[in-house]
Amino acid sequence: MSAEGRAATGLSVAGLGIGRAGQPLLSGVSFDVPAGTALSLHGANGLGKTTLLRTLAGLCPPLAGTLLHDPETVAYAAHADGLKATLTVAETLSFWAHVNGTARVPEALGAYGLTALADRPGAALSAGQRRRCALARLVVSGRPIWLLDEPTAALDAEGQGQLADALEAHLAKGGSALLVTHGTPPIDCPRLDLGTFAARSPRAGAFAEPLE
Amino acid sequence: MSAEGRAATGLSVAGLGIGRAGQPLLSGVSFDVPAGTALSLHGANGLGKTTLLRTLAGLCPPLAGTLLHDPETVAYAAHADGLKATLTVAETLSFWAHVNGTARVPEALGAYGLTALADRPGAALSAGQRRRCALARLVVSGRPIWLLDEPTAALDAEGQGQLADALEAHLAKGGSALLVTHGTPPIDCPRLDLGTFAARSPRAGAFAEPLE
Amino acid sequence: MGRDAKSLSMVNLWQYANPRKFMGWTGVALPWLWALGVGLTVLGVGWGFFFTGDDFRMGSTVKILYVHVPSALMAINGYFLMFACALLWLIRRQPVSALVGRAAAPVGLVMTLIGLLTGAIWGQPMWGTWWAWDPRLTSFLILALFYLGYIALWEAISDPELAADLTAMLAIVGSVFAVLSRYAARFWNQGLHQGTSVPVATGGRTIDDTFFLPLAIAMAGFLFLFLALTLLRARTEVRLRRLQVLTAQAPA
Amino acid sequence: MIALLLRDLALALRSGGGFGLGLVFFLIVIVLVPFAVGPERTGLATIAPGVLWLAALLATLLTLDRLFALDAEDGSLEQLVLALPAEAIFFAKALAHWLTTGAVLAVLGPPLGILLALPPGGMVPLFLALAVGTPALSFIGAFGAALTVSVKRGGLLLSLLVLPLYVPTLIFGAEVARRGAQGLAYDAPLALLGATSLGAVALLPFAGAAALRASLR
Amino acid sequence: MIALLLRDLALALRSGGGFGLGLVFFLIVIVLVPFAVGPERTGLATIAPGVLWLAALLATLLTLDRLFALDAEDGSLEQLVLALPAEAIFFAKALAHWLTTGAVLAVLGPPLGILLALPPGGMVPLFLALAVGTPALSFIGAFGAALTVSVKRGGLLLSLLVLPLYVPTLIFGAEVARRGAQGLAYDAPLALLGATSLGAVALLPFAGAAALRASLR
């Protein structure tokens, strides 16, 4: 399962339809993120950005179309930080490093200035510190496709700089990244407004089809 | 306990020292927020902004100085949204309205465009929708002093506009607000950089006192 | 790979979801089922009560048999139906099958309770006690618990598709353990309950025709009643879904 | 505070079946015990009251774990503390807990005693014992839950803190039930049980509130 | 997967006491039972094996509730599912759960049986029964926990789903212990118990993994 040294990969989506609880949200989503580039997605609250990322990560089944990439190649930073209150930053990161079969903990700690906090339990972190830890997980995941859901939330200027650097480094290594932000993306990259894909006729799914 | 029609109140802090787990974070914090105005606080991750707000809300005891205001007059929007997965938006808001003895649920729903989502259970909300619900709680709280911790996180442009309007309305009614943001505050108001108050000599707490 | 398969089955999900047909034929079948169910039940139970002699051993209490046994059998068959629906849903993902499974549970539970109550009432004169930890009685009680768990899980999960998946898994795993515990219960305590006497349950029969004929009729009646009730509930479920969609789409 | 009570009841009910669950759980325990200790009715009859109390204990423990922890995790506990006195929060949540567990068991437990060959005469005393005793279980348990709010996976730890505190309630309660089942006078233990319950309901909210405030710091 | 196992063990240990907890909890139950059912040694001796089994059940139930729910709430479950096959996650977490509850009880339970007047001859069979049977408890329970991941406050619901599934394990296990205590041959029930356990450990991970994936959708 190790992702070290996997060939650089891009991400391309064609005609994907996604939804939540049988309710379609976006339809015909198509875009292309070549290896070494990033794309930033935009859209109103509740449009379906998170659902799209979850679908690309293989967590939700798509309503239409299929994934052209192997979800195994994806690392996903969600709204939730997913830290354990009783595990220290170092423990968390080395756990994820083990799981992904990589060994980049020091690199990740350094990238987000967490070295000083390495022995802090998750419960004793501030919001921004938690977010940095969650982002550092992407580094240790060693996977080529990064999906970031509002990564800059709770990050101060320094943290956003660190995120930008980490992204640059990742892209330079031939990885690709998909960013969802409401403000300005941390690195300058092409923007895509998902509003154009909003599912026209809300069709309701197995249990709620208009049955007459 | 009803806060309806309580006299307009400002917030003023003088020589406050705050900390977490006995570790001092900020010392000599002093500022003044007259009724009808707002102040936006800035500072690096982990500086102590959240701790300061929690102290002002009466959740943490101050390390030095005392609170000049009654915590009963404070409404606090934290990093966490504090929604229940199984309660609908309307239920949540009317619960808080009851608790605070106010009756502003429709107003609050309207203020953040939640009317259409009124019957959605909390688990079925997107990040921004959750945040809007958490902010709407301030409206139903009917308390004069608002403490907002990174309120714009996960909000789209529309949501930020709604937040700005809600703040304006609150201030116009003679309330006051304290905002913590990393980016630009939703409304233009004086800024205060908390970095200047960073506790110089980290005096350890009761358990960690240098015992010589 | 796996995910493609999954997404495909999701596509099937939409085209297979054809409750319209279901509503069609059930609409036709339901009145007949009602008629048969009520008619046969009244006939069988009435015959059993008023036109058969008393049993030489059990006296007039034997008449409870005409309610007890059919309900007991229906209780068991009801679980089989749930099991079948669960498989159907997981394999073909036909919403209707999930809804039928959901509809069958409460009916089966009621049958179970009737079996328990009549049994208890019967037990008082026969065994001199309302309840004994007889293996069959016990496994019947456990059956009731399985029904309750299945229903509670449906209630607890709001997203119907997720609920259908999880309850189906529960029903399948549950029935494995139900069989196992039935066996374990016998292993644990030899009971005083009569051996099975009904052809459908096992081969040979142990009671003579004067009792058996009305019993058979009553069982047929219960069967049809069971089906009628289940289909009725399933139809209301489908209608409920309709309502939810239309209301959900109204603002959109 | 009424609002909080109603909210907690709603939350409990939506976690599937609600009140029904208490009963069913109770039923299950009653079914399991004979499997564990053997089906002989005489043996069962002697332990019946104890078993029913055990079931009440369990139902309490199983539902206590997340009484405050859930609210603490999603940040609504601190919001509650800002809006209401911590004592009121504790009282409302403990009361809601009792209504969804203890009260149900008190009403529905005795009839189920039949399954354990509980003599009919023993039902009234058992009902009294449960009705009077279970509030103590809920409030003592809620106190334990308040102490362990900040502990993730507090389940076992909570039960460790709480079970010893349950001893008096359990002793008096089981004593009432047993004497009742044997047709003896049971007013003395019942009085003691009531005293325990009253004390718990009257005093623990303050201790619990202190614990809550401390753990939010 | 080893990493996940270790992580879960660490989490369990840090939730206070860790392994110690299982033992202490066990002790408390054993101490409470005589209060509940009366102290006559003969009575106790007959129910001792059953009580020990019930204690094992309880310890399992009390710790199961949040097995997956905690990870689901803080978002680490979906991260795990992205990184590992769901079957591995289920297996690792169920195994960690068994190590922190069942294994402890199997080793420390029999000696404590003395408190319940368990005849010395009954210790080996009791140990065997617990060692062979408790894995089934953990894995069946984990399956229930996977089913109720998305249900807040699933404690009671979980037990309602899980306890009926425990019946065979409990019957065989208690039978082994009882026969052992009476000096009878217990190989038949032990074999059945082993079969149940094996089946659960071998098959439930797949069902549980399916449930986890479905709930994350």
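Per-chain numbering from 1; labels A, B, C, D and E assigned in written order.
The rule is simple: contacts are C-beta pairs under 8 Å (C-beta built on N, C-alpha and C of every residue); 3 or more make two chains touch, one makes a residue touch a chain.
All values derive from a computational prediction rather than experimental measurement.
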item	value
Same or different contact residues where chain B meets its copy chain A, judged by the half mark	same
Chain separated most widely from chain B, comparing mean CA positions	C
Separation of chain A from chain E, taking each centre as the mean of its C-alpha atoms, in whole Å	37
Computed distance of Cα centres, chain E from chain B, in Å	44
Where chain B and chain C are represented by their mean Cα positions, the distance between them in whole Å	55
Sites on chain A at which at least two other chains make contact	21, 58, 61, 71, 79, 84, 86
Sequence positions of chain D contacting 2 or more other chains	11, 14-17, 21, 24, 28, 31, 35, 74, 152
Residue numbers of chain C (touch at least two other chains)	142, 145, 148-149, 152-153, 156-157, 159, 161-162, 188
Residues of chain A defined as touching chain B within the complex	20-21, 43-46, 50, 79, 117, 124-129, 132, 149-150, 153-159, 182-183
Chain A residues within the chain C interface of the complex	21-23, 58, 61-67, 70-71, 202, 204-212
In the complex, chain C residues that touch chain D	129-133, 138, 141-142, 145, 148-149, 151-153, 155-157, 188-189
Sites on chain E touched by chain C in the complex	140, 143, 147-148, 150-151, 154, 157, 160-161, 163-165, 167-168, 171-172, 175, 189, 192, 196, 204, 207, 210-211, 214-215, 217
Complex contact set, residues of chain A against chain E	1, 54, 57-61, 71, 74-76, 78-84, 86-87, 91, 95-96, 98-100, 137, 141
